[in-house]
Structures are given as C-alpha cells and as structure tokens.
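Each remark here refers to the structure printed beneath this line.
Every chain is named by a letter (A, B, C and D) in the order it is written, and numbering of its residues begins at 1.
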C-alpha cells in the first residue's frame, strides 16, 4: 500500500499552519483530490450497504403458514441484516460529519481511510458468516473483530484529521470530539461482546445497546455552545 | 441509529427562518453535507435498481420452442422485475424533484432518508420473494409491505422538508405538494392491494393502476401557475 | 412511469427559446437536476458494466492443460463479455458526448433516459442468456432485441435534446449529429443480425462489424469545420 | 470502440499548447467531460473493489474448531482477496494522483482509460480463478496477465497525459514521473512472477514484494524539490 507517503507529501505541500489563516476559498471548497476521496468512499459504502440485502434468505414454502414459519426460522438472518445496515449507516453518518468538511488530505489519512473501506467491504461477508449454522462464538467473534477494526481505523482517521488540522477553518470542530466519543462507544461494545459470546448468545445485546449508549452519551456528554462559525 | 440528533443540531445551527431571506448563495448551491447525502442516496438507488436484473431467470431450453416456452412460464418474474424497476425509478424521480433543491439538512430528514434507503435496498429482495413458488398472498403481502414502508418514509422526508423549510428559496414549492399527492396514491394502492391478495391474484392490478391514477391526479389536481421564481 | 409530465413542465418553465441568448452561467454549469440525472445514469452504467464480469465462467481443471481446454471451451462466454463491455462502453461514450453538455431537462428526455437505463441494466442479463446452451437463434435474438431497444431509446433522447434545444449554448452541436449516425449504425447492425441468426451463427459478425462501420462512417461522413464555439 | 476519435477531436479543439499559458479557470476546474470520466472511473473501481468480498469463502463448521480449521484451509482465498484489494486500491491511488488534476481529455486517453477499467472489472474474476483448485501455474498466469494489462493501460494513460499536456497548469508534474516508476515496478513484478510460477508457488512473493520495492524506489528515487506551484 502506498497511501501513506502520498498523503504525507501532500501534507508537506500544504503545511498544517497555512490553513488556519482561513482564506475564503478553503471554506467554500475542498481540494479536488479530497472531494474525490470522499466520493470514492461514498460509492464503496453505498455498494456495501446495498449488497447486504443480496444475501437475505428468501423464505420458502408453498402455503402461507409454511412461508411465515420459514421466515421466522430465519429471524436471526434478518436481525443480522438490520444490525449490519445500522452499523454501516452509522459509519457513513460519522464519515459524513467529518470528511464532508475536510479542506485537504494529509498525514496517513488516505491509508486509514482505505483500511476503513476494507472493513466496510468485509461487513457483508461477516454478515454471511454470522448467519451460518453452528460455531456461534467463532462466527460472532469474526463479525465483532471486523467491527472492532472498522471503529479503530475510523478513530485513526479522526486522529490524523485533528493532528494535521485538515478541516476547513469554518468547520464544526465539535464533530470531531463527538466522533471520538461515538466510535469509542462502538469499539468498547464490540470488544466486550467477544468474551461474552463464549458464555451466551445474548452477547448480541451488547450491540443492540450501542444506540442507547450513544443516546445516553449525547444527553450527559459535554454540550457545545451555539457558535456562529459552524455550519 | 444516530441520524436524528445530528440533523436536529444542524437544524439548530441553521434555523428555519434564516433561509427565507434568500441570499443568493443558497439559491446557487446546497450545503456540501446536503450534496453528499443526495449523492449517497443516488448511489444506493442506482445499485438497487441495477441489482434487480441480477435475479432475472435465464430461460432454459436447447430448442427455440423450449426456450420461449420457459421464458413465457416465467412471465411473472419479468413482470415483477418491470414493476420493481418502475417503483424504484418513480421513487428516484420523486427524490430528484425535491432533494435536488434542498438548501440544507434539518429535523429528522437524514433519519427518514436512511430508512427510505433501507426499503429501497430491500426491494430487490422483495422481488425475489414475490417470484417464489406458492404462498401467493404471503409473498404479495411482504412485497407490498416493503412498498408501504418506502412510501411512508418518503412522505416523512417531505414533511420534514416542509416543516423545517429546507428547500432553497427559489425552489419549486409545488414539487412538494405533488410529491405528497403521488406518494399518497402509491401508499393507498399498496395498502389496498394487501387484503385483495388473499382473495385474488388480480390484486396485482392495484399496482398496475398506479401510473394511471397518477396521470388522472395530474389532470384533475390543482394546477400551479407559471411563476417566474421556480426552476 | 411519471417522468414525462415532470420533464414537460420543466420544459415549460424554461422555454426552449430562452437558452439561445446564451447567458454565461448556462455555459458554465448545468441545472442541478440535470447534473443529478447524469450522475445517476453514470452510476447505473458503471454498475452494469462491472456486473458483466460477475457472470464470467471460472475455468475448471486440476492440470494446466485441462484448465486451458476448459477456458477455450468457453471462449464464446468471454467473447460475449467483451462484446457487452464494448456495447455498454460505447453507449456511455455517446451519453458522455451529449448529456455532459446539457443545460437543462425538458420534453420527454427523463423518460427516454430511464428506459435507456432499463436496457442497460438488462444487458448483463442478456449476456447470461446468450451464453446458455442450445437455442442459438432465440438467445441471439433476445440479446439483439435488448440492444435494438437501447439504441432506440438513446436515439429518442437525442431527438428530445434537439427538439427542445436542451444543450448549453457553447456545446458542440456536431456531437448530436454524430450520435445520430453512430446509433443508426448500431441499430441497423443489430436489426439485420436477427434474421441472419436463424441461418448461421456467423450473425455475430454483424456486431463485430459495428466498430469498423463506425470508423468508415467517420472517414466518409460530413466533417465539421473547426469552429471556435465548441468545447 | 470509438473512444479514440472522440478524444482526438477534443484534443484538436483544445490544442496542447493553449494550456501552457495557464488561465486561471483551468487551474480551478476541469472540463465537465473530464470530471465525468473521472467520476465514472471511480464508480467502476469502487464496485470492483467491493465485489471482491462477495466471493469470499464463508467458513463452514458446527464447532469452533471446525470453523477455524476451515478458515485456515482457505487462507489462500483470504490472501488473494487482500492482494486484489491492495492492487485495485493502488491503481485507484495512482489514478487519483494524476486524473484528479486533468484539465481536459485528449489523445487516446479515453480509450486507454476504458481498457484499464476493463482490466479492473476483470480483477474480481481473476481472483475467483486464482483461488480455484489445481492448475496453479495456469491460474497464477491468468491473474498476473490481467495485472500486466492493467499496469500497461495505466502507463499508456500517463503517456497520453504527458504527450498532450493534459494536466492543469498548476498540477504536480512529479506525480507523473512517480506514476511511471511505480507502474513499472508493478509491471516488472507481475511479468517476472509468471515464469517463476511454473517452478514454485512462492512466485506469490514477487507480488508481496511490490510494496517494499515501491518503498525502496521512493527512498532512492529522485526527490523533487518543494516547488510552490504544486497543490
């Protein structure tokens, strides 16, 4: 992979300090290379989230009763689809809140973003794995590991954005700290769920708890004041 | 899902009133976050509509007669493909008429749009379900339910756009009321078709009637005057 | 389908005459709704062209000889893939030459474009059909019919663009007439190949001849002068 | 294929010399046709890279031990997936560094880009081939051939960009020479690996060595000075 040196050199070319002055053009538009990275990421995420439904079990049965019974028998497949849709959707929303306001690329951002995309493309595969028969703990662990990696690479993206001050001057800085808090919640939930899966299939509840934990975080977390500079 | 609080805060940041003044920039360009949401939605819809054809039955047969007979035997598969293509295409056209002229995100718009995308990604799956053998009413109901949800989430998007005044000042307001009327027609047709499916397979005709109903609605519905402000 | 009335009304709103004056903004940028239609079309075409390779036969065989023999046995699959790639690629290039310079939507352009996209999404399916065993003429005819429809809807798009003068003032008008000539060549080749297929499998040669016919058309066709107004 | 004459004529319309003067508009924005080609290429690459994971083997097994043993048995499938992801990702990064700063199309650029896209869409297929059972050298050769073609068409793109001076005036010229060096490294590694594959399965190591060779090239290669003109 050769993302790193590329982005490092770009960072050299546009040193972190120069953006702080905040010329009007940077507020309006990102570097075309930045826009294209965002576009490419969106396309990969859109494909991955749509492919999830490709693997859904089509209920069999020649009578209504048999059809619905077969559908209920595969309820965990449908639950796994919904969880994966929510996970990829949440990742896209977090990407949307930060990358949309990038001024330029820099540091190892391109590398971490590529590795994050790798975990996103693996999520439909991990979903197929988890709905397989038997070996619950192993399948559960593989799925959780992919999500742990996704959250980690996403956190590394945020770190690079912060360290190299890649956001546009007028961008909402609070989005970064909220991203950290949310990704940390996801990371912890998926890590904790792995040992639990060897004890009980209810380890699933760790994942279902994520939206509630995020909501609680939002209520008790530090509130940002309404500053005029953000969009 | 964490779309709601995000969009709510964005709505706070850009209060509904400020757009009414209509500064020139808002007429010209949307917020970059809005453009990206529209782009992401387009990509998901494009993938879903293209995947429909992935599931089409390839006619079998080593002679021309056998080939065409097998094709005719699967005529309902091809009809279901065409209906799904028309349904997703119509949804995209309605999205095109309203979201293209969004000035910004706000309220629960991102959440309802994500749930609408969920129903769009489920449409190829619902198409696979409906062409299965036996249990006609159950399969028909599942397909119609997905479409009822799609129309509902799409209506909720329009409601948020109207309530939070998210359109650009110069945008065509009539597009919203036409969207309401069209989505209501779709919603009613799919809801009504469900009980009919338990009586007759001709319940399909409710769906086929949608374009005719929309045409009739257009002819008798309120006409907007040719105002100079719209695009 | 409700594309028609929508685009008609848009055409009303921006009457064909107003563009001829050629204000600078129209030269620079298209209506956002136009850009989005082009984007959506590109996404559908990109997915269809990539899905073609999804159906390619993976050669079997545990020895090198068996592997290559199996690959050669399926040479018609690979030829069909290349033809379909060339067909979709050519369609995209023609779309690129005209739609890129659209100023706005109008007439029935959105409807014909949607139907053209339908034929593009059907092309991977038609490719799977044509590589099936037996019933050569029937399979060949189905593939050719999809391409006849694709060329027809594409021609109808060009007609609408011309009739409603939808191109930007500075756009290359010659692109339209070249599009007509090229699509006519494709249309004729696919139409003529259908009866031939009932006589000989060499009907394929009609399709292979298309690029040569296009080249000849270019050499003997009317040359446009180098005018300063085109891009 | 009719890409060539199209792009040649575009090149005529905007002769290579005119860009050197460097008017401000060209620095800011590309021709809309150029943007659309880049967009279309990104979409195709995004789909191909996401489809790679569609073919991943889902480990079977009703106990944890059986599950992991089956996963380990298919370790070469997962390695092939990662290699293909890295190969397509690297190609995209190289495309990103040059095409993002294109001012316009010209020469045979569109043709070579289309053929490069053909090799990208073939990469998921080549990945399915290489993970098949038996006939190692033959499968390996087919995969390497696709990559040799991909690097060749990408090099031809760079040649056209250089010959017809298609980059924007302010664009980073060094990106071109780095692209040449990197693509040459990839080309040589894939060419050399083919005869090796007939001797040993360790021919894989040629591919694994590519990132290291690229890193070494970067360290010992000619360094460009920090010129103010690049972005």
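Definition applied: contacts are C-beta pairs under 8 Å (C-beta built on N, C-alpha and C of every residue); 3 or more make two chains touch, one makes a residue touch a chain.
Worth saying up front: this structure is predicted, and the values here are computed from it rather than measured.
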{"item": "Interface residue overlap between copies chain B and chain C, same or different (over half shared)", "value": "different"}
{"item": "Length of the line joining the C-alpha centres of chain B and chain D, rounded to whole Å", "value": "36"}
{"item": "Distance from chain D to chain C - Cα centre to Cα centre, in angstrom", "value": "26"}
{"item": "Residues within chain C bordering two or more other chains", "value": "39, 43, 47, 51, 54"}
{"item": "Category of the chain touch graph - line, ring, star, complete, other", "value": "ring"}
{"item": "Pairwise chain contacts under the document criterion", "value": "A-B, A-D, B-C, C-D"}
{"item": "Residues of chain C defined as touching chain B within the complex", "value": "1-3, 5-6, 12-14, 31-33, 36-37, 39-40, 43-44, 47-48, 51, 54, 110, 114, 117-118, 121-122, 124-125, 128-129, 132-135, 137-139"}
{"item": "Chain C - residues contacting chain D, complex", "value": "30, 38-39, 42-43, 45-47, 49-54, 56, 58-64, 66-68, 85-86, 89-90, 92-93, 96-97, 100-101, 172, 182, 211, 214-215, 218, 226, 230-231"}
